[in-house]
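Naming follows writing order (A, B, C, D and E), and every chain is counted from residue 1.
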Amino acid sequence: MIVNIILLAFLLTTAVYISRITILFGAVMIYGIYSLLCATMFVVLDAVDVAFTEAAVGTGISTILMLSALSLTGSRIEITHKRKPIMALCASLGLGAALLWGTSDMPHFADASAPANLHVAPYYLEESSEQIGIPNVVTSVLASYRGYDTLGEVVVIFTAGIGVISLLGRTTRRRED
Amino acid sequence: MTTFLGLLNYWVVIALMMTGLYIVIAASNYIKKIIGLNIFQTAVFIMYISIGKVSGGTAPILTGQPEIYSNPLPHVLILTAIVVGVATTALGLALIVRIRSAFGTIDDHDVRESVNE
Amino acid sequence: MNALTPHLSALQIILPLLAAPLCTIFRLPRVTWGIAMVVGVLCSFNAIAILEQVQSSGTIIYALGGWAAPWGIEYRIDDANAFVLVIISVINVFGILYARTSIPAELSEDRISWLYTAWLLCFTGLCGITISGDVFNVFVFLEISSLSTYVLVSFGTDKRALTAALRYLIVGTVAATFYVIGIGLLYALTGTLNMADLAQRLPEVTAHRTVLVAFGFITVGLSIKMALFPFHTWLPNAYAFAPNAVTAFLAGTATKAAIYVFMRLVLTIFPAGFFANSTIAYLIILAVGILGAFVASTIAFFRQDLKQMFAWSSIGQIGYMAIGLGLATSAGVAASFLHLFNHALMKTAVFMAIGCLFVATGSTTLNSLKNAGKRMPWTSAAILIGGLSLIGIPFTTGFVSKWYLVTAALELDMWWLAALVLAGSLVTAAYVWKFVETAYFRTDSNTTYTRSEAPLSLLIPTWILVIANIYFGINAQFTGTQALRAANAIFGFSS
Amino acid sequence: MSIAQYALLLSILVPLGATGPISLFSRNPNLRETATIAASVITFTLVAVVYYSVKHGIEPQLTLIEPFAGVSIAFRAEPLGMLFALMASFLWIVTSIYSIGYMRGHHEQNQTRFFIFFAVAISCTLGAAFAANGFTLFLFYEALTLSTFPLVTHKGDDKAKKAGRIYLFILLGTSVGFFLFALIWTWHLTGHLDFRAGGVFDSSHSRTVLNVLLVLYAFGIGKAALMPFHRWLPTAMVAPTPVSALLHAVAVVKTGVFAILKICVYFFGVDLLASLGTHYFLAYVAAFTIIATAIIALRKDNLKARLAYSTIGQLSYIVLGTMTANAWGIVGGGMHMLMHGFGKITLFFCAGAILVATHKTEISQMRGIGRRMPVTMTAFLIGSISIVGAPPTGGLWSKWYLLLGIVDTHEWLLLCALILGSLLSAIYLLPIVVQAFYPATDNTTEVNEAPLTMRIALLTCSAGCIVLFAVPDFAYELMSNIVDLGQH
Amino acid sequence: MQHHLVLNLVAKILIPFIILFALYVQFHGDYGPGGGFQAGVIFGAGFILYGIIFGKDLAVRVVPLPLVYCMTAVGVLLYTLVGVAGMLLGGEFLNYSVLLPDSIAGQHLGILLIELGVGITVASVMISLFFSYAQYTHRDEQQSDNQDR
């Protein structure tokens, strides 16, 4: 529990720090840290697969992509225009208020009898070893029970890939030079 | 106290979401906006994983012994969501790079100005 | 063929999903077009077959991977989404047919194959959203369609296409995240993601405030996706700067799928009466719809670029669909479905005609339109008929939509709403008339005009849709019946 | 299908089909005009065939298509529509002949477009006349608005375009905002929109709703130019004179009052109408319109503008007659539709003839013009008398029945308005003729008439006014078929 | 960076291990955390490291660009076709149980194949992202001219 609270505190600090910092490079690096903290958080919450992915993606790929974009755009510092972020404040406060109000009677954190943990999930834990025979339930659900979602996920990646290639890539003209 | 601990995770997650959304809207630099977007999404990921946490549970990798496992379904969903997130980030950054080439800036404010001229 | 029958719903996704990677492998523009076209046609027939199957033997339930819901993901197709599926698939075919000539005019040769890949992926995403019976799966396919839409928009010739795409990306991602928050909260309360299951389990927990907040998040998220006023900010530029064929395709399909999901979630999944009983919720939707219809149409009037003008018009028309939905009666929802179909027909036709204009004159501004009525009579007439349809002139589909919507409002004795809907037509008439005057009545009789009509390969798909517009305006029996069935399906899901 | 049914359908299709040959012969004016006249004669013949059938008690009807449940595009030649169709198709022949002289004499642009849209407008008018239900009526009503728009903006200058916008805005606005609304409401209440003798509403429908509906219909049919929705008519006078003559004195405005008549008779039914209450309100609006427009007309120096305001007033007579909600008033209204049609078209033809021959538009310039254009001004005199409602013209009969109807209501103020209106119309029309035969200021006495075709047309119409004085029976018979005159 | 000796040496030693680890993650996903996606990322990262240190020209020579583009598609195709195979063998789309007579073995095979598909696509997308970004630097200015047309 303690670890949990400390991590949350760190997460909050880094997030707020990112919103204040004007040096883009710094923002990206701290985002990397934020992401790593998230990954740790996921481990604490028993989501090892998610933690692994978050570490690889958030800390790794995302940060590298952002750094490459930074270097390509050649910008280091966010030019701050004197824009009054009232809109932003309202939106984020509205979001916060709505969620705070709405979550206040949500099933409590880590409650084993919360509906989320009662209906579908136990089925996976109980049946997957017989039906699929793989110890990692996450993999079973990911690849088989909800394999269609994963197919979608691959397609999303594929879409992003062709998007980036079509935007940045030098496709057939490569042979000319 | 139980309410406090029971909902603390959600509260912090809400604060993170607020920060993320604030950055997305308030920041004028596109890269900063993308970072904000990532923070926002990641906060949602934590929310999902928190929903699936069971006290005293372990990672849902079956060991053969009767044990309490955390809920695997949110994990699966978030794995997908993370991938979607990184795909969006990659595409967004590529667009930003092109915008830099086309407009000479990656600042929303400047871009708007240059278009209005 | 009989062996395929149980798998029709899966084929709708599989076909474009196989075709998209093939386009990446065979990167010749003509080949990729051919693949897209063949798949488009097959999918249309498939969608029609699905509609027939639904009507002959009821709701189709297809458990993907053999795992029954709620453990696995299922397709669940009834009258409502089968109808939307047909709309999307058919519009897609015309879009691709049109793209053959339209796209090379705007894009360099080496990028065309990427465009068709993205197009097919977008189509996959839209079909996926429409037929899925799982709320999280909807998110995944929503993202497929969204990401590919960003890519498609970024292909536009104007450099502003890039910023339009990026802004759409940012807003769209926030929207998707809102949606994910919403379904996360629902999951926390019910432990399920399956739509039918949710519809069954939600009534037990309606007392929770969380349900209301989840409802709010889902509503806002999807409102952004369907460009409901005031969450429409991404749409005008995205439509205005995307390649013409893409605009035509998106205008007829993308927002339509989002509206369908919106209806499905708001009216089917949330416990019966949750929405209708919550007076505030439906008054808000009605208000937003009316406001959107008026404000967007007014803004459209002040646009000088035709693509922007009709993009704003789309926002206004989505307002009308929201009104029908907000009535929360089966007549109202039927009106929305009918308008969904009709608007897809007319807006696609209009954007295609604008594309013809672009090919012929290299511009889409109002100023380039002078004498257009004589220089390109077919193109102008297509825009004119599409415009008249938007106003709701008799003999066009728009009239049928208005008729149903007003009747639906009168059924609830909301005569003020009926009057407002009709008054909205006048605002629409204002901007359509701006086009008519420029194209037909700002003629310099002294200067001789040269005929510069767009190529036939563009005009034919455009005019097929225009004629469909008139046909379904005169004979609304088919569409009316389908829309009513669709509306009943939206309400009678859990039974 | 019987011959009458074919004739009914063809009478609507022939003018539409005529656009083909007209556009085909765009380079050869003579052939083009021949096509127009041929089409108009054929159309009139077809309408006459239908009339023959109606006269013998068989009302041909046919349904084309049913777009929604209970709402179809269908035609039926009932007596009221028959009367209207006879008038419109006959006057089309006359106007076609007149247009030839006018368009050439006045060197108008885009003559082919003019003849095409003219034919389309006639087709729409006949469609409206034969409409068997409210939906069909609305369709052709709207189509008529759209097809006459190019005619109004024919000149293409800024003034014409502005006029076109007002025209479209008021007509479309009222029709979509009120008329369509009322129609959908009616459909919602009754489940169909068919015109049925005796009306479609009954005591089960809320009085309040029916009152609202009546007001919506009366104002929604903007073509009837009831104040305050009359502005479009004077502005539409920028159109070429044949357009003003046929469309804005006959086809378009008469479609308006015709629609009101038809809806009052066949949706509400005379008895129900009389029990509503708002019909008095509408009658007073009409009476006010009569007096107000007569006063405005007095102050207008532009001949066409004066005629336009006169038209608005005369239309209100018909509305007034309808809203008396008794048999005489409705018979009078129907007959006034015919009588005023002939009278007013004569006047407009004369205005056009004066314009072509002397290029004069203002009344103050027309002093002595009678000496130069005796034929024209004689016709003008006859037309004026018909409008005033004095013998020996048909106008007498319609005014007479209107009077009977109003007397029946015991609303003396309305009676005063009717009489005062006639008096005022005499004051603003007759001095023009009198003044015309004064010696001109420039003392030119040579006869300088308009082209022959125009003279033929205006003589035909003025002769019509007198003929109708002699044989008004056919119109009376038709009208008496639709209302129950037994109570008198 | 091509001439940095230490870096070259470290990379040469490290990269095979990274690839090996990627393969481990790929095929061990059934038992522990990991799977196609993570493996693809790691594999891609290994290759990107190669590209950064030895230069993209050399990297392109190892894996030609069109091949990478094709591979992004191959992964998706593989995944979908496994699903279709399930359909052809009498099950539903993505039903692995029917792939082999024994349903559990079928599930194993199916999961193995689709994870492979995921891995292929993810790895090749990562590599093509890298190439896209890396190449773009060289035509930054030229691009801005093209854009204004």
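The working rule: a contact is a pair of C-beta atoms (placed from the backbone, for glycine too) under 8 Å apart; a residue touches a chain by one contact, two chains touch by 3 or more.
Values in this document were obtained by computation on a predicted structure and should not be read as measured data.
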item: Interchain contact steps from chain B to chain D (minimum; 1 if touching); value: 2
item: Contacts common to chain C and chain E (chain labels); value: A, B
item: Most widely separated chain from chain E, with each centre as the mean of CA atoms; value: D
item: By number of C-beta contact pairs, the top two chains; value: A-B
item: Of all other chains, the one whose Cα centre sits farthest from chain A; value: D
item: Central chain (by mean CA position); value: C
item: Whole-Å separation of chain centres (CA-atom averages), chain B against chain C; value: 28
item: Chain A-chain D separation of Cα centroids, rounded to whole Å; value: 72
item: Distance between chain centroids, defined by C-alpha means - chain D, chain E (Å); value: 78
item: Where chain E touches two or more other chains at once, by residue number; value: 31-33, 37, 69, 72-73, 76, 80, 83, 93-94, 96, 129, 132-133, 136, 140, 147-148
item: Where chain A touches two or more other chains, by residue; value: 48-49, 53, 57, 61, 65, 68-69, 72, 99, 103-104, 106, 114, 116-117, 120-121, 124, 135-136, 138, 142, 144, 146-153, 155-165, 167-168
item: Residues of chain D whose C-beta touches two or more other chains; value: none
item: Contact pairs between chains, per stated definition; value: A-B, A-C, A-E, B-C, B-E, C-D, C-E
item: Sites on chain B touched by chain A in the complex; value: 2-3, 5-12, 14-29, 31-32, 34-36, 38-39, 42-43, 45-46, 49-63, 68-80, 82-91, 93-98, 100, 106-107, 109-110
item: Chain A-touching residues of chain C, taken from the complex the two chains share; value: 17, 20-21, 24, 27, 64-65, 67, 70-73, 110-111, 114-115, 117-118, 121, 124, 128, 134, 136-137, 140-141, 143-144, 147-148, 150-151, 154-155, 181, 185, 187-193, 201, 205, 208-210, 212-214, 216-217
item: Contact set on chain A toward chain C in their complex; value: 98-99, 101-107, 114-121, 123-124, 144-149, 151-153, 155-156, 158-160, 162-163, 165-167, 171-173
item: Chain E contact footprint on chain A (complex, rising order); value: 48-49, 51-53, 56-57, 60-61, 64-65, 68-69, 71-72, 131-136, 138-140, 142-144, 147-148, 150-151, 153-155, 157-158, 160-162, 164-165, 167-170, 174
item: Footprint of chain C on chain D - complex, ascending; value: 65-69, 73, 109-110, 138-139, 142-143, 146, 150, 153, 156, 161, 164-165, 168-169, 172-173, 176-177, 180-181, 184-185, 187-188
